[in-house]
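Chain nomenclature is as follows: A, B, C and D, assigned in order of appearance, with residue numbering initiated at 1 for each chain independently.
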Amino acid sequence: MIVVMQHGATRENAERVAQLIREMGLKDHIIEGTHRFVIAAIGDDRFLDKGAIENVEGVERIVPILAPYKVASKEVQAEPSLVPLGGRRGGVVGGPKVAVIAGPCSVESREQILEVASAVSEAGAVALRGGAFKPRTSPYQFQGLGEKGLEYLAEARERTGLAIVTEVMSIEQVDVVARYADVFQIGTRNMHNFNLLCACGEAGKPVLLKRGWSATLEEFLLAAEYIIHAGNKQVILCERGIRTFETYVRNTLALGVIPAIKRESHLPIVVDPSQGTGHAYMVPAMCRAAIAAGADGLIIEVHPDPQHALTDGAQSITPQVLHQTIAEVEKIAAAVGRSL
Amino acid sequence: MIVVMQHGATRENAERVAQLIREMGLKDHIIEGTHRFVIAAIGDDRFLDKGAIENVEGVERIVPILAPYKVASKEVQAEPSLVPLGGRRGGVVGGPKVAVIAGPCSVESREQILEVASAVSEAGAVALRGGAFKPRTSPYQFQGLGEKGLEYLAEARERTGLAIVTEVMSIEQVDVVARYADVFQIGTRNMHNFNLLCACGEAGKPVLLKRGWSATLEEFLLAAEYIIHAGNKQVILCERGIRTFETYVRNTLALGVIPAIKRESHLPIVVDPSQGTGHAYMVPAMCRAAIAAGADGLIIEVHPDPQHALTDGAQSITPQVLHQTIAEVEKIAAAVGRSL
Amino acid sequence: MIVVMQHGATRENAERVAQLIREMGLKDHIIEGTHRFVIAAIGDDRFLDKGAIENVEGVERIVPILAPYKVASKEVQAEPSLVPLGGRRGGVVGGPKVAVIAGPCSVESREQILEVASAVSEAGAVALRGGAFKPRTSPYQFQGLGEKGLEYLAEARERTGLAIVTEVMSIEQVDVVARYADVFQIGTRNMHNFNLLCACGEAGKPVLLKRGWSATLEEFLLAAEYIIHAGNKQVILCERGIRTFETYVRNTLALGVIPAIKRESHLPIVVDPSQGTGHAYMVPAMCRAAIAAGADGLIIEVHPDPQHALTDGAQSITPQVLHQTIAEVEKIAAAVGRSL
Amino acid sequence: MIVVMQHGATRENAERVAQLIREMGLKDHIIEGTHRFVIAAIGDDRFLDKGAIENVEGVERIVPILAPYKVASKEVQAEPSLVPLGGRRGGVVGGPKVAVIAGPCSVESREQILEVASAVSEAGAVALRGGAFKPRTSPYQFQGLGEKGLEYLAEARERTGLAIVTEVMSIEQVDVVARYADVFQIGTRNMHNFNLLCACGEAGKPVLLKRGWSATLEEFLLAAEYIIHAGNKQVILCERGIRTFETYVRNTLALGVIPAIKRESHLPIVVDPSQGTGHAYMVPAMCRAAIAAGADGLIIEVHPDPQHALTDGAQSITPQVLHQTIAEVEKIAAAVGRSL
């Protein structure tokens, strides 16, 4: 870390900072600039709480130098991680092939999920998404079919060979979801639910971790770090749009995160263009853009009858649109040297 | 809801929307404007998923009319709710008296918490805050003392009479926290953890619900709605700053939320100026501003030795500063017709 | 517009709103819902100040129905506008061909701009960008070469045939810039400078209008509306990133704006991946993503020696990287049925 | 500045950075940490473009140490600046007295402005605000009365003794506004209009500078720096709300900026609770909060008949409400040791 002193701070102030740095087991190094003192702390301080130093008289601010994540970073592993999705399709995220995960926001009925599964399978997806436990902003909204929904998903896998990606909302659900699903999805609202991150880490299944809608890149990678730290390296990051002042979209899809993650981390990253925009008409364009930017896959909301979808109808595309979108994505993938 | 059609949409498009509205059990009413069709849906649609209608050809957007919350709103209860905090001080949030809750970010040791409790008690607080279970962005940071921390808090209550406010991070912790604490705190990262909201609602203790750092007013009240809906009306809202582009603060304290909540809801609201700014030097000014704006109380981070605090040192004030701040707040409270 | 009344508002309140609506020359239509009154105003109210109605007792909020822009919208012109850039390359923005505009942030010297012009010309660009008047956050920073810079740009056009795109910062500069440039650039900080928008509109040259870094879609199109309203239909919109809480980028590139603009407006849109990220390493990925999403062109910062650039060095790519990026973009363009 | 190298960067990379630092006329100082190199640049680099260094291989990021503003900072002047407003009331901003500036958004007619002037004068204001040149998002909206409006303002001053605060939107308006007004207002949309800042700086009248709705604290002070640098020290800063994801307000009033400015700068700061919220019902609470937080004054929109205001009706309070609000503010001022 670097501690920047205020203009006018004294050498005694700087010495006090140096002393606290030494108390932390680090080496201090005071630099007297032309305008102010700066103190460098040498050593691994990434896991220390550095803010306390801000209370020393004359301190202006603390500048961390080391990224606070470790096992999620390229420092520890330079080559990209590959995460197999399970199912009979052999889908892998992070390799040369672009993985398409598709399906409804919610499992609404056996018929619905089997119909979608069959459609997305034909369209070229390698995994089926669908929520059995639904995090809903209002207590009065449809909360999902629960274990019954998981059974339907398993049946859909049986029939199509698609891997099953489904959300787990709390620790109590980990066991039951693990019995049916191939990949745990941790939703945007739970990215900071550290107890759940640990529990999913311990469960050992691949985890698709959605970025919190206001999470920084650092917080996103630290959430992955929690899972890896709990013993599970199979983490797939997912950009799904952030909250900004924009109103023509439900979320602002921040595709710049893709090259940033590729620079910082070995973990694969997929994009959710449905949550990431909130409008079905934008989904095909954002699928193409995501793959062009280097994403390792897509997770797309598809519903056979979006006008009657119980959840997220506005952003669900039909199987027909999915078909055409995947054809477009295939061309983009080829243009960047990848395939589906 | 109002459904706004695109320029150029046909009457057939509007009729299709009207049909979906009727399928929802609502009454439709088509208005042909000079430039486009608008369809009003009459009836209580607040718990329906309306987005699906966006998929009808020619629809531009859906405008909800009714607020999606109910039991948290003034429609159901016009007079303000009073929430007693417990402890021997008789603190109540929501009445004419302004309640001050103060204490360290984390319980670090028996000595520390007893010292702070004694200091904040003398300064005029009615409740002691302090985390035993700590949500931390990094898995390597101090995670709290757990049940041992709760024991120390209970001992502090015994000695001072202060009510105990402490965070509960997951459902598994609800029982143990309930054994020691007077008020459950739900942190900003868990405001959207709906399973936890329900579990806290069922536990029956007062809940201090922090606004998610990117939660809208509506989402904030819906989180309260989850708790009330689970059977617990004793909810204290807490504004603690939102995430914006600003960098000189850790969060942007949005005090406009106070008159907005007072207009929309019967629930009391307190302000956390410590999280709400991230810097100790701003805390006194923001305490004064919050009470001047009409807040029902404050929750302030206080540490006897902020330079050595294990967590949140940068934003913790000392007991001395608390003393002076409370004196200032008392004058502001008097200026708005309240007292401490 | 729709006026939504509060729960509990009376029919008298609604009648008062209706009266104000009639005073505005509109037709009123009161709808009595099951929970509250809603009043529709029928007629073209897009140019009226509707907020005043919020002051009537019992009004909750005003919902505008008509978009406030007109000549920039598809209502007035359904087919896309084509904007020729000038110069001898025949570049046109908005047609089947993707236009690449490239060059340094600032014109620094005759040698520099001639060198870059030659390089970007060879790489396949149709226009040269370069600032002679520079809007700088600090009064102590390099403010541009002024008219001398414009002369160098004109010489570069002479040699290469590239059209010249350069920023105009204030009305006094309009005449001198018009003497040398082919396309006026209005920078992000001036998108809301309405006097400048009008002056550029009157000058008659094509205008590349950068989105304000916090402008909504509506404000962006209204800025274009100012230019068109002043008599100039040759407007090129430019997405250049918005200000959000993200810190790993200088701005968050919001590519969802591309399908949104294509739906709302006939104007072409290009993307600035340099300002839109702030980091050279992200530029190639964002160039590809922009074209994949449907952008009509790119405006890229290129410098022969970014380590010594006077401005925006961090986000400038070298001519070599431009060469390779254009090759990649060409493949993406082909994948979406376009060419360079 | 501090240059942080990537993990794995070599000593050669660090040496290249050191060389560029020396080329800038600064002293370099390489620190070899346990995990990476960090290079400190010693000397005054606040006016250099440092981003270019980011292009050196192995550089992770640049951390500026010195604030980029100088004459606006406390480094140059420790004691607070006092800015007299003009008029016969002797209002001064920045001293022990809190200054209230009030008046309509726009000057709409002679009668309207004289009526408001008389009312705000009686209520205790020291200055009258009112726009004659109006920056409007749409070209079709009321654009102000121009010079005629300025004449009415001057007449209002004649009658009441109130100082006149009015907006100047472009350089061409500086002369005419200077003939009538006491204080130039630079609006939020023009905070980054550097040419206008300079022109107002040269004109010599006090300037009320509104914070851009997405401006950082640093950019805000740099805008003031432009004015001071042009020769005019009479700058009044004005917080007027920032753009965030919140929708129940037009802008999020960021009162934390007050203690931050008081720490960084000698310039006075006032608050605009009207623009800062967008709703009349929130204005009194935010007036009280602003003064409690330490603001030096208020600028409030007041209209005798908000239901018929031509602009900003939704956020204008009536003279009656102003009267009561000033009485409340007076009590708050007393509580923080100030007066009106």
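A few remarks follow.
Basically, contacts are C-beta pairs under 8 Å (C-beta built on N, C-alpha and C of every residue); 3 or more make two chains touch, one makes a residue touch a chain.
Model, not experiment: these values are computed from the prediction.
The set of chains in contact with chain A as well as chain D comprises B, C.
It takes 180 degrees of rotation, in steps of 5, to superpose the Cα atoms of chain A onto those of chain C.
Of all chains, C has its CA centroid at the greatest distance from the CA centroid of chain B. In this assembly, the C-alpha centroid of chain B lies 31 Å from the C-alpha centroid of chain D. Inter-chain spacing, taken between the CA centroids of chain B and chain C, is 38 Å. Averaged C-alpha coordinates put the centre of chain C at 26 Å from the centre of chain D.
Shown for chain B are the residues in touch with two or more other chains, namely 214, 243-245, 247. Within the complex formed with chain A, the residues of chain B that make contact are 20, 46-47, 49, 51-56, 62, 68-69, 135-142, 169-172, 189-190, 192-196, 198, 213-214, 219, 222, 225-226, 229-230, 243, 279-280, 306-316. Interface residues of chain D facing chain A in the complex, by the touch rule stated above, are 2, 4, 7-8, 29, 31, 33-36, 38, 40, 42-44, 63, 65-66, 73-75, 243-245, 247. For chain A in complex with chain C, the residues that touch the partner chain are 214, 216-217, 242, 244-249, 252-260, 263, 276-277, 281-282, 285-286, 288-294, 328, 331-332, 334-336.
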